[in-house]
Every structure is written in structure tokens, then in C-alpha cells.
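The same chain A turns up in both complexes below, where it pairs with chain B and then with chain C.
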Partner chain A sequence: EIHEPEEVSVWFREGSSCCQETLARNQRFTETPVNMPGADKETDLSERIESFLSELKRCGSGAGSLRGSAETARETTALLRRITAQARWGNAGELMEIIRKEGRRMTAAQPSETTVGNMIRRVLKIIREEYARSRGSSEETDQQESLHKLLTSGGSSEDNFRQHFTHLKANVIEAINELLTELEGTTDNISMQALEHIHSNEVIMTIGRSRTVEAFLKDAARKRKFHVIVAECAPFCQGHEMATSLCKEDIETTVIPDAAIFAVMSRVNKVIIGTQTVLANGGLRAVNGTHTLALAAKHHSTPLIVCAPMFKLSPQFPNEEDTFHKFVSPHEVLPFTEGEILSKVNAHCPVFDYVPPELITLFISNIGGNAPSYIYRLMSELYHPEDHEL
Partner chain B sequence: MGERLTTSTLLVTEEDEKKHEIIRAKGEGKELTKEEKQRLRKEKKQHKKNKKDDRGPPEKEKEKEKASVPAPSKPATQSPAHKAAPVPVNASASESPVAAEKPAKSKAELRAERRARQDSERASKQGKKEGGQQSTSSKPKATPNELQPVVKRLPDHVQVDDPVALKKLAKKLERQQKSGQGCSLNITGVKVPLRSDYGYKVSLFSHLHQYSRKNPPTQQISIPVTVIHPSIVRLGLQYSQGIIAGSNARSVALLHAFKQVIQDYSTPPNEELSRDLVNKLSPYISFLSQCRPLSASMGNAIKYIKKEISNIPSQCKEEEAKRILQECIDSYINEKIILASEAISKYAIEKISDGDVILVYGCSSLVNHILCEAFEKQRKFRVIVVDSRPRLEGREALRRLVKKGIRCTYVLISALSYILPEVSKVFLGAHALLANGYVMSRVGTSQIALVAKAYNVPVLVCCETYKFCERVQTDSFVSNELDDPDDLIVTRNGKTHLENWQTVKSLGLLNLVYDVTPPDFVDLVITDLGMIPCTSVPVVLRVKNVDQ
Partner chain C sequence: SNVCHVAAPDLAATSRPRKADKDEEEKPLQAVLVADSFNRRFFPITKDQPRALLPLANVSMIDYTLEFLTSTGVQETFVFCCWMASKIKEHLQKSKWCRPTSPNVVHVITSDLYRSLGDVLRDVDAKALVRSDFLLVYGDVVSNIDVSQALQEHKQRRSMDKNVSVMTMIFKESPPGHKTRCEDDDIIVAMDGKSKRILHYQRAQALKKLHFPMVRCLEVGSDEFEIRFDLLDCHISICSPQVAELFTDNFDYQTKNDFVRGLLVNEEILGNQIHMHVTRDGYGARVSNLLMYDTVSSDTIRRWIYPITPEANFADQEGQSCTHSRHNVYREPGVSLGHGSQMEENVLIGRNTVIGANCTISNTVIGANCVIGDNVTLDRAYIWNRVHIADNVKVKQSVICDNVEVKHGVVLSEQCVLAYNVVVGPDITLPEGTVLSMHHPDEEDDEDEDEFLSDDNDVGYSKDKTKQKVFNPAEVGSEGKGYRWKSSSLDDTEEDELAECIWGLALSADPESDSESEVSEGSHDLGSHPASPELDDVKVFQNEVHGTLQRGLDENISCDNLVLEINSLKYAYNISLKEVMQILMRVVLEFPFQQQGAQISTAQYSSHLLPLLKKWAPVFKNYVKRPQDQLDCLASMEEVFLECETHWAVLMSMYQLEILEEEGIMHWFNQGSTTDKSQQLRRNQGLLKFIKWLQEAEESSEGDE
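== the complex of A and B ==
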């Protein structure tokens, strides 16, 4: 899709590619006759970005369609590919600037959906790599900051991104396509490892609903017989859905209320959970109730296994208190039918829990099994340190 | 051996004579003396026993060795009051399934040995009965220094997976329709109903009952009820529907119902109040345990009442006896429950300081009382109420506290890790305190204690001493209660995922009621005797036994 949008260049020299201005221009565009084929692409792109943003804003409250993180990651990457293909940019630096700007808006729309930010950082890293390869400058060692490099290079790499390469666009888009293929295969990669971790006649405990864990357990159930105990995870009770879905594969499932987690933990052999995000220190931001589950597992020395694909790994640390927690309406907890006491009571309904890395035994991801202490290393392979702050 | 035979036959002839006397006396309309009443009773029991022994011998011939061990121990461990008749049934029922081995002895010798053993059993049982009628000094093992072999009978409600035990229970319930009748009345099929289990039970809990709230046990009872007192029926229904919940409330309701029963009771002729009333209470207790398994506090209350009843001196008039019993019950409620909670509040308020953030779980009447008292004494604190599905008892506690004017926050138990960093103390109520220091309480309590320990927040358990029990337990599986599994079903956004859980064969729902908290999570137990660590429970039990 490489083409020189010369016709459109007239339009866009007037200002930056801020989408709100393009929106205003779209309105004007509808009034003037359609004689600029290139303009379609731009408005199309901005429309898509806007619709993506509004979906992100909606899905957080549970009102819109609840999508899994894999879907979000895929859509984000597809959108980034489209931006690369259709937006106006002359060199890698401009492209990165565009992507960063869009990325900031996307993460602001839904701060708790960290996969969006993760994909943006992955794409930025891809751009850097492709640029470096096009320049012919050696290699991957360029990325790593050794003390030697710091002393000798001295010059920042920022002005390095100003060169124009004709094939950069194609390369970047190809690399993004590879990333998309990788994303599509993550769940299968993780479930393929199931038989290495589950033996027969085990009792496995899980909480809430995670599509990764579901696929993991279903894959193991094809060859082995085991029991699953699902904690329902109030107030959303997604454990119920998980249980009915597991039963379809004839897995012996039991649903327990959250209060019974410690009571039944003594009979559980393994705890396998999914998570929303894996933080930079190896800790988790998972659905509420997971910290209790992890403490109970630690008390009984039961291994805690987290099934998380690599796109959930985020360079954030858990200490940013104001951005870590997300709350939903307290009427889930104390419904409006309890009207007379509602006004005198504070009710909280947090969505996430922090689980420190000491409580986790193993991470299973699409690149294999890792201990929590190795997470920092994986991060340095996936993201460039300068991209940690978008 | 020969001598034994003759003395037994002699005994029989003597009793025959006495029987004629008694029948004569009855015919003359004289009231029977105490000895005659006793003799009648003894004869009835022997008669029954002989019948069963005649049935028993052909089976027992092959299993003598095994029979000799359990038979003498069984009378020793069961109270004479109302277990005399079932003893031979138990003995034969448990022995007959045992595999037979043929000892090489002749039939005559076997029969003689058996008869000798039965005589000795009978003698020992009569001796026990004489002893049991008198006051309590002989009954509780005098000094706690003796280590008795505690061969307690396993309670029925944890033997659901054993078909033999279930059959025994069914037989016992059937038999209880006839107990306490004296002369035979014509009863038309009224018996203590046996409740059946509902739904698929998780395999780990197949030894426990699981009832549905939609099938109350009173559906099979016809009106008028001759065996079960109506206030007991009402109480049972209130238990099974969850209208009365909480160990204190259940005990108090039970004691009030018993007061009513005693009020309406009249001693039948030829019977003694102290013995007959206890027998009358047995079918009520079976019925109540069918409605909902008895709690530890209820068990202790029942033991107390039975003891008081059997302590009534036999020359006491009926009105006097009833008055004494009513007073006993009132004083029990007053001392053990009301005054105890006052004492506990006094101790607990010392532990509440200004600026505290106190976390409570569910609805414990004692903890609510403590908080209300502390608020009245002008302590400045705020409360966080943690609640859990499916019972959502915390809302009741929330209402009570808010009505008092205390500042409250409300969360579900899954948000515990979020809220705990704000908390300075945790106050928990208990359903029972076990002899090994474990705290048995509403399910979820152990989780709260666990997470509080992880955040270094002190955990204080408040419990009256009448809830201490001699059982020991290490996990929440062996002895627990399974509530109606349909309670877990919830409709969100118009979708009910678990609606047809019964049709899916690999799906089970588990609704536990209790769990046990290990003593290392609990920092302090506040009782009416003072503030003790969790491990001092057996000391308190011992002190209580010596007092009584």
C-alpha cells in the first residue's frame, strides 16, 4: 500500500495531523466535491482511531462489549499497522512521533487496559530495529546500553532517526504482520505446554474467568482426568461462566464462593490463574481476590502458576498508587435496594489486586516457562527503555 | 457356669412373682411405689433384650471373639437414660456384617459363654441405672486426672456416606414415634421425618448432608402432631429456612422452646419426670437436627438441660420440678449469654482506642454489641464491614451499626487485600472454639485472619465460654455443614449461567457454612473469663468441668 499521497499533501501542509483537526476537515470535506482520492484514507484512518478510542472508553465500565486482552492487542496492532500505512510520515522519527501521540490518547482513554500501551511500545521497538537494520548499523547490540557504549557513543540516538529509507515502511509493516501472527498463536502456544504441568487426578484451583487458563485446562483435559475448583470472584461472578465452559469438555468442576478459598485450599494441588497485567517487578495486577488466593496457596505451599502471554507484560511498577486501582460502581456491592443505609455508608468495589512476586511460582507464556525473577530480562528484550514513558 | 445358669433362672422366677404383685396392685387402683415402677421398667427392658438375644444367637455364634470386645464397651460409653434399648441393636447390627470366622468350639459351650456374658452385661447395666438415678456426684468422672478412653460415638450428621449408619438413623427416628408413650396410643404413621439430600454433592463432602431450603422437613408431618411439640416444629422450620441464624440466637430460641415444652409437659402415670422428660426431648432433638445440624452452643445447652432434668429429685412434685427447670433455663440464658456478653464488652472496649479502624466480618451478635457499647462510651472509631456471598449477612450488621450512628464502610471479601492496609484491628465472632485451639466460625473467617496476618494486623476473636467444645478438628472438611447449593446461582445482566447446573453432570456447587481458623492466625480470644490465647481452651474446659 505504498503510494505517494501527493494530492493530499496540499491539505495537510496547513497543520499537524491532529485528528481533531482532521475531523473538522472531514466536515468540510463533505461539503466539497470528492476529487481527492488520498483524502479518503486519512479520514478513514482517523475515524477508525476515534471508534477504537470510544470502544476502549466504554468497555472498561462493562457497559460495552467485554473483550479479552488478546482481542484488544490484536486490534491495537492492526490499527498501528494502518497508521503506519496511511499516515503521512517521511522518516522513522516522524512515524514514531505519530504513534506516540496516538498511543498517549489511547492509553488515556482506558488506563487500566495496559495491552494497548504494550503493543505501542512493541511497535516502537520494531521501528527502531528496522531503522537500525536499514541503516546497516550493526545490530542488536546497538540497543543494549553498556557502560562502554555510554562513554564512547556519547551522542544521543535521537537525531539518528531522521534519515529517510524507501523500504522502511514495507519492512515495518512486515514486522508488524509478524507480530500479529505471534499474537494469534499465543493461546495455542500456552495450551501446548499444559500436559507438562498437569498430571492426572489433580485438583486445580482457579479464580474468575481467563480465556488463557480455559484453553490451558481444556487442552490438558483431552489426555488427563482432573478436577477443577473455580472461585466465583464476586461481584462479577465470572467464575460461573468459566465453570460452565469447562463442563462442556467434561471436566469435573466445582464452583465455590470466594469465602471458601482458604477452607478448600488444603485439598488443592495447584493453583493456575490468569492475570490482567504482569508488572515489571514480576508482580501481577489481577482480578480482585487473587491476592487472598495467592496467600492461601503460600500458606499451604501450593504452587501458583500464572498463564500470561507476553503481550501482557508491562513496564509499569506497582508503586503508582493512583493509577494502579480501578473502581466500578459500588452498586455491584451494595445495591440500590438497600436505600436507607446507602447514603451513610462508603462502599468500595475495586477491580484489581496486586500480587507480589514472592507469592508466584511460575509464569507460563508463549515463549515457555519462567520464574518471576526473570521478568525484567524479558522486558528488556521486548521494549526499549526510552519507550517506557510514552 | 452352672451356678450362673441357676441364678439367672432364679432371678426370672422372682421377677415373675413380683410382676403378679404389680398387676394385682394395678388392678386394685393403688399407686405403684417407686420400687415397683423401677421393677416394671427393668422388666420391660429385659424382656426386650431377651427377645433380641433370641434373635441374635444364631448370628452371634460365629462371631463371638469380635462380639466380646465391643459389647462391654458399648454400655460403658452410653448414658443409661435413653440409649439402653438401641444398644443391643447397635451391637447386632455392627457385628453381623463382620466376616464370620468359625472357632472350633462346641455349640453348647458357646451358648453358655454367651449367656454368661449377657448376665454380666445386664447386671452392670442395672448397677449403672441405680447409680444414674442419684445425683450428679457419680456421673461426671470425678477427677480430671483420670484419662478415660474416649470412645465417643461419631455424630450422625457426618456419616452420610455410610449406609449402615443411615439405616440406623432411620430406625431410630421410627422408633422415636413410640417413645414416651407408656401405654400404647394409636398413632397413625406420625414419625420424625428423615430428610433426603438434594442435588449433586461434591465428592470431598459426600459424608455430609446437603438439604434444599425448598423441601422443609415439616412437609411430611401430619397435623395434629402427637410426638413433636408445635413450638419445636416452628423452631425447626425457622432453622431450616434460615429465619433464625447465628449461634446465640439459635441457642436462645431453643431454650425458649424447651421452656414451652416443659410448661406443657405432664408426667404420665408410672413414670418419673426426671427420666421421662429426657426421653420426650429425644425425638425433638432428632427433629431439630434433621432441620439443621445442631451447633456446638446448642449441644452444650441441651447437655445442660438434660443434666438439670435428671438431677430433679424424685420426690419433687411436678409443679415444683417445672418451676425449678424454668428457673434453670432462665439463669443459663442470663449467665452464659447475656451477662457473658456484658463481660466480654467490658474487656473488649479496653482494646479499642480512639482513631481505630476496625474490621468485622459478617454478622456476629457479640461483635455488634461490643461495637455499639464502645460507641456509647464515646470511643472514636470507624468500622469496615466485610461481607461474602451467598449469605450476605454483613448487610444486617451494617444496618445495625448505621442505625447506631457508627461510620461504616462496606466491601466484599474479594476486596480484602485492597482495604486491609487501612485497618488497625480485626474483630471476629466465633461459632465454637475447639479443644485444640482452632476457631470454628462462618466460612471466610480463616481467610480474613490469614490476610490480616500477612499485613500484620491483630486479630481478636470474641467468644462466650458456653461455646467451647471438646471436639478437635484440623480442617474444614471432616465436620461441616453444606447449605443449599442453589444459593450460589445469581443473575447478572439478565444472564444466569448456573441455572441448569443439575443437568450438567460434571458441575457441582459447594456452599460451605463453616470453616476452621488455625490458632496461629488468632492473636487473642476475649471470653467472659478474661482474655486468653487460643491454646488455653482446654484449660477453660477443664475448669468448667471441675466446677460442675
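== the complex of A and C ==
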């Protein structure tokens, strides 16, 4: 940290000035230090990364994490912007390497929180695009890589990212800011579409508590009267909170136990659920009990609609066993106070279900409705194929 | 003592406001971590490695404690070490806690002079390390409790009640019979139901009968109080800086138990209170013996301590990230499993460990770089690093430390311990509870006190020494290396208890054998725990007087000699004359109760007491001379008779024997009383009659003159 090349310090000064520009646009991050010496900035950055990592590790002792995944996505992106602004890099290749390195740590800290990985991939894609734009080549050609091209190009194309562009940093930060703005608006964009899907006097079923679905239903309730049945989603019973929240908006709400899902399904017009992750094959990794719900809906031919913002789209496939599941403390299943029985039985408390794509009718994302079969296409638009593995 | 700041407190890092919303005045939360157990429970394992560094699910125990502290918001931790301090320091320097980015700044403070928790806290006070409320934990506490709520309650109580509450102890609800309950630590707690104030705290182990000071509970004047036996002491307490000061003031406090009991006994005098917090969701336990080690390990594997789980790699060690799959099977990278081997359930296998064919593994933790042969059966085995296990070995509920070699055909029965570098086998069956170590058990006696001061050099030295002694092939097998630490099946020596203690009390056949180890921790089982040395002497003196009188009765010793003996006792225990009198009175009055039981009738009582009084009247007369003496005597009598007022007839005989005089009695009677009870006593019919008779006798005698 003592021996500092001249070139790098130049970059720093520029970096902080871009920071100032972006700050003016985004008031939330005004506490960014402006005239900080380089070394101090570095420690500040790594400190922030550390605290984010430890927060990730701890987040969510229950089923749903303490904060929504939207918030995690925003925080990740804001941190990546900070890394872009404050870390030392000379060209796009170096920056991508830094982000990839930190990204690997972040995803390892909480593998079940896929939004973190998704946002890292989005930012990597942004850097690729900005680099391509700076070079003057159209991003479209990069995007549309044919099979032939993939086959012949062989090794990584990162050798091409070594060129130095003065405005790259500013451009990348600009693009990340756009991404942040997009993230801010996802829930609104989804709930705006509510009236197209929910009609008067319909019976809607949902499970557990999804902030997106909650906003979606509340938006529809402003114009229409309908009935919501909430499956409580034991053992954490987030369904109870959902029902309370819906009641406050004067929506007629019924809470049912998970075991009654099938029995009640025949009365339901539509099932609207949220999800933790949308997998690459169009399947879901959603809260426990969703598979039951989806199968019941299929049996009764009830349409199953999934409200999922784009940042939940993950290039992960359901066979990646190690990170797919998440088991939390069995406390909710069999309380610690039970005593002797605990040493005689194994109690497990899994959090997620896999829902295969054929059970899903429609995805509603912030950019509109899509069928599960279209997910692969969205995936290739959002992420660069080389970034699937961080 | 030498203070070493491993992570120099990064001024830039600490001074920067970590969270903008935090109150400026709010001081960072501090913690005192005692990385020493101050007992030898884990001997012989802890001869080579301090307890805090022993691996639990492949992570050192101290890392769990530090992770708990950090996640609960502690920003500065003082780690106190004594036994093998250099090893702990080295470990911490390498760990993530000492990186400049760590949110929890760790200072290591070492001294060879610490002998107990009391010493550590006295040093905390002497060095003025803590500025406000701090957490006090041991280096072997595993927990995921969020103490913020308890901390808030604690602060609220202190701000409301002018710092009366000095400590909040954290408990976890777990009913008797729960696996995570440590039998050594079974406690009975009485508390005020509303304010959560602890009224009585007592260890319950091996107690058949429990004396319970109801008086103290009633004095508090609370509407409801609870007596609970379903609590597990998490050994986490929120202390105010006063706690350290109190330890300094009371140099005889050694353990937390001493402190809590001392504080409760002297509550009226010092005006300090202790409160408690019972956590609902969190997990907290202390690894205080190997049975607890077994339990806590299995709880970790079964994810009770989520989010502290093996795959979380919270210690952030390279290459230790493991995967979690069905039935709680965890694998670190580089594990190879032979054909036909099964990891049934609750298994954790460390990196680069090789397991042979057709093995059955369940409820087991295996460390890094181990080699395990074919047809091995492991159940509840805790195998540490670089262990070699050959073919056809069976292990049940045992601990196998680093670098141990188990040759083929060995069977380890339950609760065996193979300490560092031991070699066992081939083809030998170790009986239940075998403890093998490269250290000879006799070293123990040679070094004794120096043991605590010794460090790594000493270990090397003792190894040389052990080479002169011969390994017993019957104990460790024909190619084995190691000495057997005697188990309870043999004679009753000191080592026997140590070996027993390593697995806790659950197995020990007779509870008496525990007393030894308990005394070393400075705790007493009985309710009559001395609050101060002074009280102690009075108690002993009373017993001595009782013994003397009993002997006097049995051997018919003359009153003069009795007086002589009591006088010599008086000087031996430094008791004032007034106390001698009162104690003497009490002992004599209680004599019939002790001989005949407390339920005897008034008539029986008097018939027993009268001959004694007659016999010992000269003894009394020797002490009761001045009018003030008579008053003291009567006060003592009053104290005894508060409970059984019908026995007041004795007063009459005392008068007749001329031990007490009329003026004295009248003076005492007219003096008035302070409490309701003694007032009631004065209204006793028999007593009133006697007083009336006295008055009449006085008048008539006056009339005669």
C-alpha cells in the first residue's frame, strides 16, 4: 500500500470525481467520502465488503430472510458500484477479475441467496457491454454468438479486455446506476400488471408471504373485489403475516393449513405465488409447500402464476444439489424444550421446494408476462454465457 | 503479566462511525472471553492443546465463541489466556478475527498468574479495560443467541434502578433429561416472576434434599416467584463494570458461582441484584466435559446452531468450505470414499480424508487428512486430524486426537479417549472408558502445580522422560504406544476422578467421587455456603461448643473444665464474649431438639432441658454477669424461641436457677420489640403469666420490707 504506481493514483482521482457525479444523481449514497486518500479508501472498501459478507452469512435465521431479496439485490449492486469506483483497476479485464473474485466470496457466503450471484453476473455483463461500446464494436455482435463462433473462438475472450479507456469507469458506473433504478421499480412494475390478471369476484390462492405478491394483490384490490386464500406455510407460518397485511387493505382473506390446499383448490380460480429463485429451466426454487400447491393446481387445471422480478432469474439448474437446499435449525419443527426425544430422532427443517416448469402457467416479471419455456431466452439476454460460472 | 495487542486497535477503523443511525454516545459493546477453564477436566487431552483450541466439528471452539460475540454485535473482545497462552495467541493471529477488516477487535491478554475467573476479572478491573456493560463468556461456549434483547433489558434496569442490577445471566429452557443439559451444571433458580430478578441460585447436582430459603423470597415482597429446574446455564452473562470491581473487593471469589452466591447472600448489605434472561430460540451451551463435547458436536451437525453450521465456514478458513447433503452429511473438498462405504447420517468429513471400502459411518466427525481403512465401523466417533485407522476397526462414542494410529482389528468401546500421538493395536479391545495418553499419569504428581506454568518446552521434556518407562502391551496392544490413565474400575486414586470427569458425571457410579473435583472449582453444595470468613468462624465455633457440651455430658466433665474449653475455643476462633454467650445459649436451648427431633412437645422439651440447665448453671453464671449480658442472653433466647413460643417455660427455670435475674427479664420485656413476630411472642400467655408473677413477687417482696 506504500508503493503506489503513478498511473493508479491518477485513476483514483478520476474515480472520486465520477463518484461525485453519480452522487448528485443518487441521494441515498451521499455519505461516500470524497477526498479520501487511496489507502484509506481501500480499507474502507474491504471493511464494507466484510460487513456485507458477514451480514449475508447471518441473514435469515428463519425461512424467508429477514430482508427481502429485492433489498439484497440492491445492496449487492450498490456494493459492486462501490468496488468499481474505489478498487484499483486499469482496464475492464482487471475490473471483471476483481468483481469475480469478490463475487465468488459473496455467493459462497450464502449460496441460497441467488440474487447476489445474479447481480454480479448482471454487472459483469454491463462491463462487457460498456467495454464493447468503448471499443466501438456493436454489442449486438457480441450478444449473438453463434454455435460456430462459440466453437471456434475457444478460450476466453478476456484477452480482449486489456485495452484502456478513460471513460470506461464513468460509463460502467452510469450503467450500474441504471440497473439500480431498474431494481427500485421492479415491484411497482409487476403490480402494475395486476388488473390484467385478477378479475372481480375471483378466488385467488397464495402460499406464505411474498412481498411481490402482496403488492400485486393490493394493487388489484384498489379496483376490484376478490377473495384470497392463504396457505399458512408451516412451520414458519409466514402466511399469517400475509393474511394480516392483506386484511388491512380490506381484502377478503382466509387462512388455511397447508394440508387443506388440495381440498380447497377446486374452488380456486387462480394461484398466484412468489418465488425465491427462477431456475434456468423455468422451474422454481420456492418456499416449502409450493410443489404441493402447484401439483394441486395442475390436478384441478387451475392456472399457476408466478410473480418474479427479473433479478430472481438465475442461470442455475435444479440438479446442483449442494447449493439448492437450505436446512435451518430444527427448532421450529421440534422445539428445543422437548427434551429427551431430541436425542432419539433426527429433525430436519428444509426451507425450499423445487417446482418443475411444466406445472407453471405464467411468469409475471417487471418486463411483462412470459411462459416458462421463454426463460432460457431471457437468461441469455441478461447474462453472458461465460459468466454463468463465476 | 504481559499485555499483547494482536490486532493493534486500528484507530481509523474504530473511530469511523460504523452505523450512521447509531447513537453517538453509545459505547461499543465489549466482551471478556476467558480462554481457560481453570480445571483439568479435559486432561490428558489438554496437556498438549488448550481446551479453547480443541476442534469441535473441525473448527476450534474459541472460533465459535468469537463468532457468537461478533454476530451479537461485540466490537471489542479481550481474550484472557493462561494455560498454553502462546498457542491460543498464535491461533488468533492467524484467524480472521485479527484481520484489519474484522468488525470485532480482539486483544489477547496473557498471564501465568490467572488461577480462576476471579483472577481474570480482578485484572480486568486493575487494567480498567471495560468502559460499560460487557459480555462475559468462556472460550468453550457455543451459541447463536442474540443477546441484544437481554442487553436492552439489562440497560433499562440499570437506568431505572440506579445500577442496582449488576449482572444478567442468560439461560436456555431445557427440561430435565435433555441431552444438552450438563449434569455438572444442573441448577435450581428462584426468581421474581415479574422483574426476572434471581432470588436464589444453587447447583443441584447429587443433592437429594434441598434447603430453600423461603424467607428471602418472601422478603422481596413480590406477588409471584418461580422456582425453576428446567434451565440450562448458557454461561453467557451481561456484566456491568461493577462486577469486576466486586471481584476485586471480594478476593475470595474464585468462580462465577461464588460470585452469584456471595452477591445473593449479601444482597441486603451491598444492595446488588442479579437478573436473568431466558432465551427462546437461541442455542447456548458450554463444552465443559467430553459428554457435552459429544452433545454439542452432534447439535452442530444437526444444525441446531444455525446459522453457525459446518458448511457456513464462518471461521473463513481456506479450503474448509464443505457441502451439505441429505441426512446431514457434510464433506469438505478432497474427500474420497471407497466402494460400498456408507455415510449414514450426521457425518462431517474433513478435507483430503481418504476412507476405504465397506465402511459404515454415522454420527461421526472426521478431521482433515485422515486415512481410514476398509470395513471400519464408526458411530459417534470424534476423530481429529491426521489420524490413521487401519482395517476392521470398530469405534463407538470415543474421541481420537491428532496423529493417533489405530492398527487393524482394534475395537474401541464407549467413551474411550486416545490422546495425541497414541498408537493402539493391533487386535485389541479397549474396555469402556479407557483413556490413553503419551503422557504418563505419574507425571501429574511430579509436576503438580508447575503444570499450569509449563509450556511447549515442557511437553518435549516430559516426552523424553516417558521414554524411559515401558508401554504395557496388555493396555495398548503389541505395537502400541501410550499409557493408560486409570479408570474407575481400579482403585480410588486421584487420577480415577480425573478420568471420570472427562466424560462428565453422567456415567459416574457414585456421586461422592465428584466432590473432590467440585471443591477444586471452589463451590459448595450445601446451602450453608459461607458468605464471609467471619461468618464461617462463628459457625465452626458453634459446632465446637456443641461438641464440647456433648462430650461434657457423655464423659461427665466438670463445669470448670467446660468453661476452660469454651474459653480456649473463644480465642482460637476470635469470638467476642457477647457472641460466646449467645452461641452458648443457643446451643443449650437447641440441645433437646437435636437429641429428640424438632417435633417434641413442650413438656418433653422442658423435661430434657431442665437437667441440662441445672447441670450447666455454673457455666452460664460464669459468662452472664452484667445486666447487659442478661439482655444479650435473652435476645438469643428470643431468637431461638421465635419459632416455638410454647417452650417459654424455660425462662422460669432460668430464673429459678439464678442464671437470669428479675431486673434483666423485666427490662428485656419492657424494651419493646421491633418485629411483628417478637411482639406476638410477648403476648404469649405463658410468658405474660410469668411476667405478672414476677411483678407480683417484686411487689410483695417490697411490701415485706
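Just so we're on the same page, the second predicted complex is superposed on the first by the 339 of 390 C-alpha atoms of A that agree within 3 Å, B and C clash if a C-alpha of one lies under 4 Å from a C-alpha of the other, contacts with A are read in each partner's own complex, and residues count from 1 in each chain.
FYI, a residue touches a chain if its C-beta (ideal position, glycine included) is under 8 Å from a C-beta of that chain, and two chains touch if they have at least 3 such contacts.
Computed from a predicted model, the values in this text were never measured in an experiment.
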Using the overlay on chain A, decide if chain B and chain C clash or can fit next to each other. fit
Which partner chains sit in contact with A:C233 here, chain B, chain C, both or neither? Use first/second/both/neither. first
Based on the superposed arrangement, let me know which partner A:F336 touches: chain B (first), chain C (second), both, or neither? second
Answer with first, second, both or neither: which of chain B and chain C does A:V255 touch in the superposed model? first
Examine A:H291 and indicate which partner it touches, taking first as chain B and second as chain C; both and neither are also allowed. first
Which superposed partner A:C247 touches (first chain B, second chain C, both, neither): first
Is A:H325 contacted by the first partner chain B, the second partner chain C, both or neither? both
Per the contact definition in the header, classify A:K57: touching chain B only (first), chain C only (second), both, or neither. second
Counting residues of chain A touched by each partner, does chain B or chain C come out ahead? B
Once the shared chain is lined up, is A:N346 touching chain B (first), chain C (second), both, or neither of them? both
Once both complexes sit on top of each other, what is the least C-alpha distance from chain B to chain C, rounded to whole angstrom? 7
Chain B and chain C contact sites that coincide on chain A, given as residue numbers: 325, 338, 346-349
Applying the document's contact rule, which stretches of chain B touch chain A when the two form their complex? 202, 204, 388-390, 395, 398-399, 402, 407-419, 442-444, 446-447, 450-451, 454, 475-477, 488, 490, 492, 497-498, 504, 506-512, 515-516
Of chain A, residues touching chain B in the complex: 232-237, 240-241, 243-244, 247, 250-264, 266-267, 288-289, 291-292, 295-296, 299, 325, 333-334, 338, 341, 344-350, 353-354
Could you pull out which chain A residues touch chain C in their complex? 31, 40, 43-44, 46-47, 49-51, 54, 57-58, 60-61, 108, 321-322, 325, 327-331, 336-340, 342-343, 346-349
Interface residues, chain C side, partner chain A - complex: 10, 12-13, 16, 18, 20, 70-71, 99-103, 144, 172-180, 230, 281, 283, 302-307, 312-314, 321, 323-325, 327-328, 345-346
